[in-house]
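Naming follows writing order (A, B and C), and every chain is counted from residue 1.
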Amino acid sequence: MWLQHQISIQAKTRGFHLIDNDITQQLPQLQNIDSGLLHLFLQHTSASLTINENADPTVRADLEQHFNTFVPENAPYYQHDYEGPDDMPAHIKSSILGCQLTIPISNGQLALGIWQGIYLCEHRNHAGSRRIIATIHGE
Amino acid sequence: MWLQHQISIQAKTRGFHLIDNDITQQLPQLQNIDSGLLHLFLQHTSASLTINENADPTVRADLEQHFNTFVPENAPYYQHDYEGPDDMPAHIKSSILGCQLTIPISNGQLALGIWQGIYLCEHRNHAGSRRIIATIHGE
Amino acid sequence: MWLQHQISIQAKTRGFHLIDNDITQQLPQLQNIDSGLLHLFLQHTSASLTINENADPTVRADLEQHFNTFVPENAPYYQHDYEGPDDMPAHIKSSILGCQLTIPISNGQLALGIWQGIYLCEHRNHAGSRRIIATIHGE
(Lines give C-alpha, C1' and ligand atoms only; values in the text may rest on other atoms or scores of the structure.)
Protein backbone atom coordinates (compact mmCIF):
# COMPACT_ATOMS: atom_id res chain seq x y z
CA MET A 1 0.00 0.00 0.00
CA TRP A 2 1.29 3.43 -1.03
CA LEU A 3 -0.33 6.67 0.06
CA GLN A 4 0.89 10.16 -0.66
CA HIS A 5 -0.68 13.17 0.99
CA GLN A 6 0.16 16.87 1.15
CA ILE A 7 0.17 18.24 4.70
CA SER A 8 -0.08 21.95 5.39
CA ILE A 9 1.45 23.36 8.58
CA GLN A 10 0.09 26.76 9.64
CA ALA A 11 2.56 29.64 9.74
CA LYS A 12 4.79 29.47 12.82
CA THR A 13 6.96 31.99 14.60
CA ARG A 14 10.71 31.64 14.18
CA GLY A 15 11.92 28.76 16.33
CA PHE A 16 11.46 25.05 16.96
CA HIS A 17 7.89 23.67 17.14
CA LEU A 18 6.39 20.27 17.95
CA ILE A 19 4.12 19.13 15.10
CA ASP A 20 3.28 15.53 16.04
CA ASN A 21 -0.42 16.32 16.20
CA ASP A 22 -0.45 18.17 12.87
CA ILE A 23 1.09 15.10 11.27
CA THR A 24 -1.00 12.35 12.83
CA GLN A 25 -4.31 14.22 12.59
CA GLN A 26 -3.83 14.69 8.86
CA LEU A 27 -2.83 11.05 8.35
CA PRO A 28 -5.58 8.83 9.80
CA GLN A 29 -4.43 6.11 7.39
CA LEU A 30 -1.47 5.39 9.68
CA GLN A 31 -3.87 3.27 11.73
CA ASN A 32 -4.18 0.78 8.89
CA ILE A 33 -0.45 -0.03 8.74
CA ASP A 34 0.90 -2.94 10.78
CA SER A 35 4.47 -2.52 9.66
CA GLY A 36 5.83 0.22 7.45
CA LEU A 37 7.44 3.63 7.10
CA LEU A 38 6.28 7.24 7.02
CA HIS A 39 8.41 9.63 4.98
CA LEU A 40 8.02 13.37 5.54
CA PHE A 41 9.46 15.79 3.00
CA LEU A 42 9.38 19.54 3.62
CA GLN A 43 9.24 21.39 0.29
CA HIS A 44 11.16 24.46 1.50
CA THR A 45 14.78 25.58 1.85
CA SER A 46 14.54 27.91 4.86
CA ALA A 47 12.88 25.60 7.39
CA SER A 48 13.72 22.08 8.61
CA LEU A 49 12.36 18.88 10.09
CA THR A 50 14.05 17.14 12.99
CA ILE A 51 13.27 14.85 15.91
CA ASN A 52 14.05 15.85 19.48
CA GLU A 53 12.74 15.99 23.05
CA ASN A 54 8.95 16.29 23.27
CA ALA A 55 8.40 17.46 26.84
CA ASP A 56 10.38 20.47 28.03
CA PRO A 57 9.94 23.64 25.93
CA THR A 58 13.36 24.93 27.06
CA VAL A 59 14.97 22.30 24.80
CA ARG A 60 13.32 24.00 21.83
CA ALA A 61 14.34 27.47 23.04
CA ASP A 62 17.95 26.35 23.57
CA LEU A 63 18.10 24.79 20.09
CA GLU A 64 17.01 28.14 18.62
CA GLN A 65 19.70 29.99 20.62
CA HIS A 66 22.38 27.48 19.66
CA PHE A 67 21.67 27.69 15.95
CA ASN A 68 21.49 31.49 16.08
CA THR A 69 24.96 31.52 17.66
CA PHE A 70 26.65 29.00 15.39
CA VAL A 71 24.87 30.03 12.18
CA PRO A 72 25.08 33.79 12.71
CA GLU A 73 23.26 36.54 10.86
CA ASN A 74 25.35 39.08 8.97
CA ALA A 75 28.45 36.89 8.66
CA PRO A 76 31.02 38.96 6.72
CA TYR A 77 31.25 36.30 3.98
CA TYR A 78 27.52 36.13 3.11
CA GLN A 79 26.79 37.27 -0.44
CA HIS A 80 23.17 36.07 -0.44
CA ASP A 81 21.46 38.67 1.74
CA TYR A 82 18.81 40.44 -0.33
CA GLU A 83 15.88 38.92 1.60
CA GLY A 84 17.27 40.16 4.91
CA PRO A 85 19.69 38.97 7.60
CA ASP A 86 17.63 35.83 8.37
CA ASP A 87 17.78 34.64 4.74
CA MET A 88 21.15 32.92 4.34
CA PRO A 89 21.27 31.55 7.91
CA ALA A 90 17.89 29.92 7.21
CA HIS A 91 19.34 28.07 4.20
CA ILE A 92 22.36 26.89 6.20
CA LYS A 93 20.24 25.67 9.12
CA SER A 94 18.00 23.82 6.66
CA SER A 95 20.95 21.80 5.32
CA ILE A 96 22.37 21.09 8.78
CA LEU A 97 19.06 19.86 10.19
CA GLY A 98 17.60 18.48 6.96
CA CYS A 99 14.23 18.70 5.23
CA GLN A 100 13.15 15.08 5.48
CA LEU A 101 12.53 12.32 7.99
CA THR A 102 11.65 8.64 7.80
CA ILE A 103 9.84 7.20 10.82
CA PRO A 104 8.84 3.56 11.38
CA ILE A 105 5.15 2.67 11.68
CA SER A 106 4.30 -0.26 13.98
CA ASN A 107 0.80 -1.51 14.83
CA GLY A 108 -0.89 1.56 13.42
CA GLN A 109 1.28 4.11 15.22
CA LEU A 110 4.52 5.99 14.71
CA ALA A 111 7.25 4.05 16.54
CA LEU A 112 8.80 7.12 18.16
CA GLY A 113 10.74 6.78 21.40
CA ILE A 114 8.89 7.87 24.53
CA TRP A 115 10.72 11.25 24.61
CA GLN A 116 10.75 11.87 20.86
CA GLY A 117 8.66 14.41 19.01
CA ILE A 118 8.66 15.73 15.43
CA TYR A 119 9.79 19.35 15.08
CA LEU A 120 9.19 21.89 12.37
CA CYS A 121 12.11 24.31 12.67
CA GLU A 122 11.10 27.70 11.27
CA HIS A 123 14.19 29.71 10.41
CA ARG A 124 12.57 32.82 8.88
CA ASN A 125 11.23 35.79 10.84
CA HIS A 126 8.03 36.08 8.83
CA ALA A 127 7.25 32.81 7.07
CA GLY A 128 3.97 31.62 5.68
CA SER A 129 2.50 28.15 6.01
CA ARG A 130 4.78 25.22 5.20
CA ARG A 131 4.05 22.20 2.98
CA ILE A 132 5.09 18.61 3.72
CA ILE A 133 4.68 15.68 1.33
CA ALA A 134 3.87 12.62 3.46
CA THR A 135 4.43 9.20 1.91
CA ILE A 136 3.09 6.17 3.79
CA HIS A 137 4.14 2.73 2.69
CA GLY A 138 3.54 -0.54 4.49
CA GLU A 139 1.27 -3.50 4.97
CA MET B 1 8.59 -8.32 2.26
CA TRP B 2 8.51 -6.16 5.38
CA LEU B 3 10.41 -7.00 8.56
CA GLN B 4 10.64 -4.88 11.68
CA HIS B 5 13.03 -5.76 14.48
CA GLN B 6 14.16 -4.03 17.66
CA ILE B 7 17.94 -3.94 18.03
CA SER B 8 19.58 -3.30 21.39
CA ILE B 9 23.03 -1.70 21.49
CA GLN B 10 24.94 -2.24 24.74
CA ALA B 11 25.81 0.88 26.76
CA LYS B 12 28.75 2.76 25.22
CA THR B 13 31.12 5.36 26.56
CA ARG B 14 30.64 8.94 25.36
CA GLY B 15 31.96 9.22 21.82
CA PHE B 16 31.58 7.80 18.32
CA HIS B 17 31.39 4.00 17.92
CA LEU B 18 31.28 1.63 14.95
CA ILE B 19 28.21 -0.62 15.19
CA ASP B 20 28.16 -2.42 11.83
CA ASN B 21 28.54 -5.81 13.49
CA ASP B 22 25.80 -5.15 16.06
CA ILE B 23 23.45 -4.30 13.20
CA THR B 24 24.23 -7.13 10.80
CA GLN B 25 24.48 -9.85 13.47
CA GLN B 26 21.00 -8.99 14.73
CA LEU B 27 19.56 -8.89 11.19
CA PRO B 28 20.36 -12.22 9.48
CA GLN B 29 17.30 -11.61 7.26
CA LEU B 30 19.35 -9.10 5.23
CA GLN B 31 20.76 -12.10 3.37
CA ASN B 32 17.34 -12.82 1.84
CA ILE B 33 17.00 -9.40 0.15
CA ASP B 34 18.22 -8.98 -3.43
CA SER B 35 17.26 -5.34 -3.69
CA GLY B 36 15.85 -3.19 -0.91
CA LEU B 37 16.42 -0.76 1.92
CA LEU B 38 17.29 -0.96 5.61
CA HIS B 39 15.96 1.84 7.79
CA LEU B 40 17.48 2.37 11.23
CA PHE B 41 15.67 4.54 13.76
CA LEU B 42 17.26 5.36 17.11
CA GLN B 43 14.52 5.94 19.72
CA HIS B 44 16.50 8.47 21.78
CA THR B 45 17.14 12.23 21.79
CA SER B 46 20.67 12.35 23.25
CA ALA B 47 22.50 9.99 20.90
CA SER B 48 22.76 9.82 17.09
CA LEU B 49 23.33 7.61 14.09
CA THR B 50 25.68 8.60 11.29
CA ILE B 51 27.88 7.06 8.62
CA ASN B 52 31.60 7.80 8.43
CA GLU B 53 35.07 6.33 8.01
CA ASN B 54 35.36 2.74 9.22
CA ALA B 55 39.12 2.25 9.52
CA ASP B 56 41.07 4.84 11.52
CA PRO B 57 39.87 5.36 15.12
CA THR B 58 41.30 8.90 15.14
CA VAL B 59 38.42 9.95 12.86
CA ARG B 60 36.01 9.00 15.62
CA ALA B 61 38.10 10.77 18.28
CA ASP B 62 38.32 13.93 16.16
CA LEU B 63 34.55 13.92 15.56
CA GLU B 64 34.02 13.82 19.33
CA GLN B 65 36.44 16.74 19.83
CA HIS B 66 34.86 18.76 17.05
CA PHE B 67 31.33 18.40 18.37
CA ASN B 68 32.46 19.18 21.94
CA THR B 69 34.00 22.41 20.63
CA PHE B 70 31.13 23.57 18.43
CA VAL B 71 28.31 22.34 20.68
CA PRO B 72 29.82 23.45 23.99
CA GLU B 73 28.76 22.52 27.49
CA ASN B 74 27.60 25.31 29.79
CA ALA B 75 26.74 27.78 27.03
CA PRO B 76 25.42 30.91 28.76
CA TYR B 77 22.08 30.66 26.92
CA TYR B 78 21.18 27.09 27.95
CA GLN B 79 18.06 26.92 30.11
CA HIS B 80 17.71 23.11 29.94
CA ASP B 81 20.50 21.97 32.27
CA TYR B 82 18.97 19.98 35.11
CA GLU B 83 20.41 16.64 33.98
CA GLY B 84 23.93 18.06 33.93
CA PRO B 85 26.23 19.92 31.52
CA ASP B 86 26.14 17.06 28.93
CA ASP B 87 22.32 17.17 28.70
CA MET B 88 21.50 20.04 26.32
CA PRO B 89 24.61 19.55 24.11
CA ALA B 90 23.48 15.93 23.65
CA HIS B 91 20.09 17.08 22.33
CA ILE B 92 21.71 19.55 19.93
CA LYS B 93 24.20 16.99 18.60
CA SER B 94 21.34 14.55 18.09
CA SER B 95 19.52 16.97 15.79
CA ILE B 96 22.67 17.93 13.88
CA LEU B 97 23.70 14.32 13.24
CA GLY B 98 20.22 12.80 13.14
CA CYS B 99 18.60 9.71 14.67
CA GLN B 100 17.88 7.75 11.51
CA LEU B 101 19.59 6.28 8.46
CA THR B 102 18.43 4.51 5.32
CA ILE B 103 20.96 2.19 3.67
CA PRO B 104 20.53 0.26 0.41
CA ILE B 105 20.57 -3.55 0.47
CA SER B 106 22.01 -5.25 -2.63
CA ASN B 107 22.49 -9.00 -3.10
CA GLY B 108 21.94 -9.76 0.58
CA GLN B 109 24.37 -7.16 1.92
CA LEU B 110 24.37 -3.52 2.96
CA ALA B 111 25.64 -1.51 -0.03
CA LEU B 112 28.01 0.65 2.00
CA GLY B 113 31.06 2.19 0.36
CA ILE B 114 34.36 0.48 1.07
CA TRP B 115 35.32 3.09 3.70
CA GLN B 116 31.87 3.54 5.24
CA GLY B 117 30.75 2.28 8.63
CA ILE B 118 27.65 2.87 10.76
CA TYR B 119 28.27 4.89 13.92
CA LEU B 120 26.33 5.15 17.14
CA CYS B 121 27.25 8.56 18.56
CA GLU B 122 26.78 8.52 22.33
CA HIS B 123 26.50 12.07 23.61
CA ARG B 124 25.85 11.39 27.32
CA ASN B 125 28.52 10.70 29.93
CA HIS B 126 26.64 7.82 31.55
CA ALA B 127 24.09 6.39 29.15
CA GLY B 128 22.42 3.00 29.26
CA SER B 129 21.82 0.70 26.33
CA ARG B 130 20.27 2.22 23.21
CA ARG B 131 17.33 0.92 21.15
CA ILE B 132 17.10 0.98 17.35
CA ILE B 133 14.02 0.02 15.33
CA ALA B 134 15.26 -1.67 12.15
CA THR B 135 12.87 -1.88 9.21
CA ILE B 136 13.87 -4.07 6.26
CA HIS B 137 11.90 -3.85 3.06
CA GLY B 138 12.80 -5.38 -0.27
CA GLU B 139 12.46 -8.35 -2.57
CA MET C 1 8.60 -2.30 -8.28
CA TRP C 2 12.19 -2.05 -7.03
CA LEU C 3 15.03 -0.65 -9.11
CA GLN C 4 18.61 -0.13 -7.99
CA HIS C 5 21.08 1.76 -10.14
CA GLN C 6 24.61 3.06 -9.64
CA ILE C 7 25.00 6.71 -10.63
CA SER C 8 28.39 8.21 -11.31
CA ILE C 9 28.93 11.94 -10.76
CA GLN C 10 31.93 13.42 -12.57
CA ALA C 11 34.70 14.90 -10.42
CA LYS C 12 33.72 18.31 -9.04
CA THR C 13 35.71 21.17 -7.57
CA ARG C 14 35.49 21.68 -3.83
CA GLY C 15 32.15 23.27 -3.00
CA PHE C 16 28.40 22.82 -3.33
CA HIS C 17 27.01 21.69 -6.72
CA LEU C 18 23.51 21.20 -8.14
CA ILE C 19 23.15 17.64 -9.50
CA ASP C 20 19.44 17.38 -10.31
CA ASN C 21 20.15 16.79 -13.97
CA ASP C 22 22.79 14.13 -13.29
CA ILE C 23 20.24 12.27 -11.18
CA THR C 24 17.19 12.49 -13.40
CA GLN C 25 19.04 11.85 -16.67
CA GLN C 26 20.48 8.63 -15.29
CA LEU C 27 17.09 7.51 -13.92
CA PRO C 28 14.56 7.57 -16.81
CA GLN C 29 12.57 4.93 -14.87
CA LEU C 30 11.29 7.68 -12.55
CA GLN C 31 8.71 8.42 -15.24
CA ASN C 32 7.03 5.06 -14.63
CA ILE C 33 6.30 5.70 -10.94
CA ASP C 34 2.96 7.24 -9.95
CA SER C 35 3.67 7.24 -6.25
CA GLY C 36 6.90 6.22 -4.57
CA LEU C 37 10.28 7.19 -3.19
CA LEU C 38 13.79 7.71 -4.54
CA HIS C 39 16.63 6.98 -2.14
CA LEU C 40 20.10 8.33 -2.92
CA PHE C 41 23.11 6.94 -1.06
CA LEU C 42 26.57 8.45 -1.57
CA GLN C 43 29.22 5.76 -0.98
CA HIS C 44 31.87 8.18 0.34
CA THR C 45 32.87 9.74 3.68
CA SER C 46 34.34 13.06 2.50
CA ALA C 47 31.44 14.41 0.43
CA SER C 48 27.73 14.88 1.17
CA LEU C 49 24.25 15.10 -0.28
CA THR C 50 21.81 17.81 0.74
CA ILE C 51 18.84 19.75 -0.58
CA ASN C 52 18.88 23.52 -0.82
CA GLU C 53 18.07 26.54 -2.98
CA ASN C 54 18.29 25.83 -6.72
CA ALA C 55 18.46 29.31 -8.24
CA ASP C 56 21.08 31.69 -6.85
CA PRO C 57 24.69 30.41 -6.95
CA THR C 58 25.65 32.70 -4.04
CA VAL C 59 23.71 30.35 -1.73
CA ARG C 60 26.12 27.56 -2.69
CA ALA C 61 29.16 29.84 -2.25
CA ASP C 62 27.95 30.99 1.16
CA LEU C 63 27.36 27.41 2.30
CA GLU C 64 30.96 26.59 1.38
CA GLN C 65 32.22 29.62 3.34
CA HIS C 66 30.08 28.81 6.35
CA PHE C 67 31.25 25.21 6.59
CA ASN C 68 34.88 26.24 6.12
CA THR C 69 34.50 28.64 9.05
CA PHE C 70 32.67 26.33 11.44
CA VAL C 71 34.50 23.12 10.46
CA PRO C 72 38.00 24.63 10.26
CA GLU C 73 41.12 23.13 8.78
CA ASN C 74 44.08 22.54 11.10
CA ALA C 75 42.06 22.53 14.32
CA PRO C 76 44.56 21.91 17.14
CA TYR C 77 42.71 18.77 18.24
CA TYR C 78 42.76 16.93 14.89
CA GLN C 79 44.79 13.71 14.99
CA HIS C 80 43.62 12.44 11.58
CA ASP C 81 45.56 14.69 9.19
CA TYR C 82 47.78 12.50 7.03
CA GLU C 83 45.81 13.14 3.84
CA GLY C 84 46.16 16.91 4.23
CA PRO C 85 44.31 19.74 5.98
CA ASP C 86 41.08 19.13 4.02
CA ASP C 87 40.87 15.49 5.18
CA MET C 88 39.32 15.58 8.65
CA PRO C 89 37.07 18.61 7.96
CA ALA C 90 35.67 16.64 5.00
CA HIS C 91 34.68 13.76 7.28
CA ILE C 92 33.02 16.11 9.77
CA LYS C 93 31.08 17.97 7.07
CA SER C 94 29.93 14.63 5.68
CA SER C 95 28.35 13.64 9.00
CA ILE C 96 26.76 17.06 9.54
CA LEU C 97 25.19 17.20 6.08
CA GLY C 98 24.70 13.45 5.60
CA CYS C 99 25.35 11.03 2.76
CA GLN C 100 21.78 10.05 1.93
CA LEU C 101 18.46 11.54 0.88
CA THR C 102 14.96 10.20 0.34
CA ILE C 103 12.76 12.18 -2.06
CA PRO C 104 9.11 11.52 -2.92
CA ILE C 105 8.16 10.61 -6.50
CA SER C 106 4.72 11.79 -7.68
CA ASN C 107 3.30 11.34 -11.17
CA GLY C 108 6.63 10.36 -12.67
CA GLN C 109 8.62 13.25 -11.22
CA LEU C 110 10.58 14.10 -8.10
CA ALA C 111 8.23 16.04 -5.80
CA LEU C 112 10.77 18.73 -4.92
CA GLY C 113 9.59 22.17 -3.87
CA ILE C 114 9.83 24.87 -6.50
CA TRP C 115 13.07 26.27 -4.99
CA GLN C 116 14.66 22.95 -4.06
CA GLY C 117 17.60 21.31 -5.80
CA ILE C 118 19.79 18.31 -4.97
CA TYR C 119 23.38 19.19 -4.05
CA LEU C 120 26.55 17.14 -4.12
CA CYS C 121 28.82 18.79 -1.57
CA GLU C 122 32.44 18.08 -2.42
CA HIS C 123 34.62 18.60 0.63
CA ARG C 124 38.01 17.52 -0.77
CA ASN C 125 40.36 19.75 -2.79
CA HIS C 126 41.16 17.10 -5.40
CA ALA C 127 38.46 14.45 -5.44
CA GLY C 128 37.68 11.99 -8.18
CA SER C 129 34.23 11.03 -9.43
CA ARG C 130 31.62 10.14 -6.81
CA ARG C 131 29.30 7.13 -6.74
CA ILE C 132 25.63 7.18 -5.68
CA ILE C 133 23.42 4.10 -5.24
CA ALA C 134 19.91 5.11 -6.33
CA THR C 135 17.01 2.95 -5.16
CA ILE C 136 13.59 3.58 -6.70
CA HIS C 137 10.55 1.98 -5.18
CA GLY C 138 6.95 2.70 -6.00
CA GLU C 139 3.94 1.77 -8.08
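Structural remarks
Methods note: a residue touches a chain if its C-beta (ideal position, glycine included) is under 8 Å from a C-beta of that chain, and two chains touch if they have at least 3 such contacts.
None of the values given here were measured: they were computed from a predicted structure.
Matching CA atoms, the turn from subunit A to subunit B amounts to 120°, rounded to the nearest 5. For the pair subunit A and subunit C, the fraction of shared interface numbers is less than half, so the two copies use mostly different residues to meet. Per-chain CA centroids place subunit A at a distance of 20 Å from subunit C.
Residues of subunit B in contact with two or more other chains: 70, 96, 98, 102, 137.
Against subunit A, the residues of subunit B that register as touching in their complex are 2-4, 39, 41-45, 70-71, 75, 77-80, 88, 91-92, 94-96, 98-100, 102, 131, 133, 135, 137.
By the touch criterion given at the top, residues 35-37, 50-53, 56, 58-59, 61-63, 65-66, 69-70, 96-98, 101-104, 106, 111-116, 119, 137-139 of subunit A touch subunit B in their complex.
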